[in-house]
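Next come the structures, one after another.
First chain A sits with chain B, and in the next complex the same chain sits with chain C.
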Partner chain A sequence: MNTSDSEEDSYNERSALVQCESPTIPSYNQDHDMSLPQETDTKRRRPVSSGLDEPGPVERERASTPDGEEEELTLKYGAKHVIMLFIPVTLCMVVVVATIKSVSFYTEKTSQRLIYTPFEEDPNSVGQRLLNSLLNTMVMISVIVVMTIILVVLYKYRCYKFIHGWLILSSLMLLFWFSFMYLGEVFKTYNVAMDYPTLVMIIWNFGVVGMICIHWKGPLRLQQAYLIVISALMALIFIKYLPEWSAWVILGAISIYDLIAVLCPKGPLRMLVETAQERNEPIFPALIYSSAMVWMVGMADSSNPDSADERQRNEGGALAQEGVESEDDATQGGRRRYSAEEDLEEDRGVKLGLGDFIFYSVLVGKAATTGGDWNTTLACFVAILIGLCLTLLLLAIFKKALPALPISITFGLVFYFSTDNLVRPFMDSLAAHQYYI
Partner chain B sequence: MTLAVFFGCAFIAFGPAFALFVFTVAKDPLRVIILIAGAFFWLLSLLLSSLVWFIAIKASNSQDLTLQRGLLIFGVFFSVLLQEVFRFAYYRLLRKATEGLAAISDDDGSAISVRQMAYGKLCLCSAENSLVLLGFMLHSGSLDGRFDQMSLCVSCAVAGLGFGIMSGAFSMINILSDSLGPGTVGIFGDSQYYFIITALMTLALTLLHTFWGVLFFEGCEKSRWWVIAAVVSLHLLVAGLSLLNPLYEGSLPPVYGITLLMGVWAFFSSGGSLHSLNALCTRRKAEGESS
Partner chain C sequence: MNLERIPNEEKLSLSRRYYLGGFAFLPFLWLVNVLWFFREAFLKPTYTEQPQIKSYVKKSALGLIVWVAVLTTWITIFQHFRAQWGEVGDYLSFTIPLGTA
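What follows is the complex of A and B.
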């Protein structure tokens, strides 16, 4: 199946959660600087923040100062935020692994390939296979680099509508076409008879609600659920259509690319972030998972209705300028609310790009594909979670945008290969004799 | 039949661990992280011991069955020792993180400015500072935010549980998925009780790891090396008993006896007493009467 270009972006962004207090801190997001409709959650969540960033780990004290002039950043972010990311990552992986283990469609190898991996892997010759997988990786990474550069260029020249349209097209494809395919395969597996009218209604509702939740407004939990589902769908597509060895090499190469793109001074992601900083605009893509807790409940009580209305009006608003102004009003309400409820949950969560969800799930899904061994899957799962934990720790130390892929993917790859080749025979022999260690 | 065996064995093996998780670990994010890190450390120990075993296997004659069996037994004992080494390493990590936190919190209370730490310390990249920050990060999410003796004790129980869950999962999950069928147990003359014995052993080992975690950390804290030696030798004993395995009478009851013993020891070692048990029962009875 030839997939269109529009879904490239959905895995183009990488994450990084950052301490976002000062407007100068880069929040990291690659593709979409959709400052517009996606702003909804950010604005709703953090009306007091400066217009720029994504919530990163928390500062409650900062929440009360309108201009973010806090000097001392109290680190209140901790285990809670790690868990707020563990849960969605785990859910996405569980969905992918459950699908792989039950629906055989995603593990059947076909001769169809993505246009991004044009070289066929010949199972007979090891050298040829390795060479082809390296070439596939190079093609894929270069496609991603080109897309990112195009995005940065578009952003620099303020072609927001184009980016917006691109993004909507890609989420349309994910929400309608891929979920239709997925549902079809699940029905085939469980031999469920389904008629087209019912199916059309289900898919239509699912897709439309998804588009609304992701691109406009919706309950936070629903939006999170949709983001998890589309990441899982995308990961399943990769698992199906990437050739065996190419998939592993691509995983490794993507984490190196992520590292370079986010940390090097001339990296595209860094440039994107710096451009956004210069313009004092929020970069807010639709494809970022945010785990912030909703604090609207408190807001309704103590804030004045005007600021609430104004904020809502601005949620669909066009300019970042307006956004900043409305935040000033909202900060009054915010401060009142904050003083009223000292021990309310933090209103900032952490954000993780969907690309990270996708690649973590690809790794665990591919581990689940190999044979009937669950130990490998479990080992990769634990490795990825620990990598995420370490990344968040580094985030607390360095306090700037960081790539979330390298550490987790490295641990995941190491554990995959070592568990598959070393631990599996050992545990199998132990189980055969019923020895316990 | 297969689904019944699957669910039965799954609940036997993982029920208590799951209950412990839900009632003690799940509500505190800090403890969840300690649990997963414990699982990670166990996994590392398993990886290294499998590496050693694999090298030994590859270097030896694969046709000689007694040699292979001998190497497997060597692998078992080596793995047990390595697990204890990693348990110690994890203890050191937890201790260092929480010590660093306690050292800083003395001056400022629980709210610490990261910038203060950053500018005050020499180099933020040093491992020690990372550990301090790790400790702070972990503990700032915990319920009371302060480090004290009780939280270290709970951390050690949670760490032990992490070891136990991972150990149980690795022993049991493949077998559980096989028990969904199709197949016949013991068709070649092996014991028919394979699944249930596996489930029971897994349960025992999970609980043992939890108790050993508590005892080990207590022993290290109070520098009672004989406690540590006892834990290590009991682990070796349990692994050795499992070597008797097709003879289930020889392995299962002693292992459960040891589990009970460890449970009682861990209870008293972590500060419990007959009095507190009594208070618990009478309070529950009093509450029951009053309601």
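What follows is the complex of A and C.
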């Protein structure tokens, strides 16, 4: 099967760790506004009774509060958010690693490649292989850049229908086609007989409920579960279809691209975030995982829009048709994380782009494939979580959109290569000599 | 989304849509309806729309039980008789287990 581009695009969009900060926006804004987050601390200190009447500017309150307390609260919420993100990232990685270890389909190398990586890696010559993987990487990154730019342009010119249509097609593909493939492989691995009627029922139910939860309204947990599942599916596809060395180089290149796209003033993802903030709109439907923890304290409906509730779905959809593009990879770079806290004790939680999930899982999955034993896999896993922690810490400090890939992927790559080449032989020879340390 | 934060009419409408949607061969949707609205329908203090939500939840549960029964029966029959059905069994099979002996 010649899988097409859309896969790529979708993940692009998904990588985003966004933090939304808008200190001056009054909290009772009824609009669907993600950039609503107030400085939690300050808001919290405001007596609740006065809350309704004056959404005054936050700074006023801010000035009066001691910095220490603020920081403490910020860090405390930061810590909570870290945990809220650890769990889904871990789950996604666990699903990917479990599948890789048990279903051999995803580790069998085929001669089919994605059209994004047209150069074949020749195992005979190191130089040639390296060159080809670099070329593959360049092709892929340029596809991603192009898609991101297209997405930003579409967004700027308000072609929402097109974007929504694209996202829906993408998720249709992920939810139906990829899960069908996955299920088929799992059944074959476990040697289970499955009939078509039951299979159709399963896939139909899974897919339709997934579409409903992700694009419309559904229970929070179910939405999060679906997002994790589709990220895992996407990561598995990448693991299968990206050639060995190209995968590693692509991971590195994407982290760099992410860094550039989110932090540079003219970066596409940064522009995307800013445009969304200007318009007071949520960034994208369905491309971002949001771990909202919402609790309301005696407040009536001042509704802050649950921006957290837009479970942005990650579009992973690789479209099957050849050459169909449209993948909005825009989100790829935008890792933004929103930590909005309303003064009504409503915590919007943290948002992390699905692309981040995917790439973390790709890294760990490839470590599981080629690493040989569990040391490498675990090392990569720990590295990624540490990176995520650091990124969230930076987010709490800087309070603006940050790329979530670079730190984690760097740590992951460093740990992978060093564990594979240094720790593993060491452990092997220790074991061989029965020397326990 | 959080059910706490939406008004009761919307909850009712949501429950109704989930119920109606389940008729499109979607017992999973009925399951989600039951689980999600269970607390709303049975464990919360009464409000105007609650009886209707309760009825939707009950009907969804009923539909779910029927589907589970049907599917279980079919799966049991299929797994038991698949080998005996010969060609038809193969035709209906998506994956055929490999033999060991």
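Note that in this section the second predicted complex is superposed on the first by the 316 of 437 C-alpha atoms of A that agree within 3 Å, B and C clash if a C-alpha of one lies under 4 Å from a C-alpha of the other, contacts with A are read in each partner's own complex, and residues count from 1 in each chain.
Quick note on the criterion: a residue touches a chain if its C-beta (ideal position, glycine included) is under 8 Å from a C-beta of that chain, and two chains touch if they have at least 3 such contacts.
Predicted, not measured: the structure shown is a model, and the values here were computed from it.
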| item | value |
| --- | --- |
| Fit-or-clash call for chain B and chain C when the two complexes are aligned on chain A | fit |
| Per-residue touch tally on chain A - higher for chain B or for chain C | B |
| First (chain B), second (chain C), both or neither touched by A:86 | first |
| First, second, both or neither for A:157, with chain B first and chain C second | neither |
| Lowest C-alpha to C-alpha distance for chain C against chain B (Å) | 18 |
| Contacts on chain A seen with chain B and repeated with chain C across the two complexes | none |
| Of all residues in chain B, those that touch chain A in their complex | 28-30, 32-33, 36-37, 39-40, 43, 46-47, 49-51, 53-54, 57, 69, 72-73, 75-76, 79-80, 83, 111-116, 124-125, 129-130, 133-134, 136-142, 166-167, 169-171, 173-175, 177-178, 194, 197-198, 201-202, 205, 238-239, 242-243, 245-246 |
| Residues of chain C defined as touching chain A within the complex | 1-2, 4-5, 7, 14, 21, 24-29, 32, 35-36, 71, 74-75, 78-79, 82, 92-98 |
| Chain A - residues contacting chain C, complex | 184, 187-188, 191-199, 201, 204-206, 208-209, 212, 217-220, 222, 292, 294, 296, 301, 303, 306, 309 |
| Footprint of chain B on chain A - complex, ascending | 71-83, 86, 372-375, 378-379, 382-383, 385-386, 389, 392-393, 396-399, 415, 418-419, 421-423, 425-431, 433-437 |
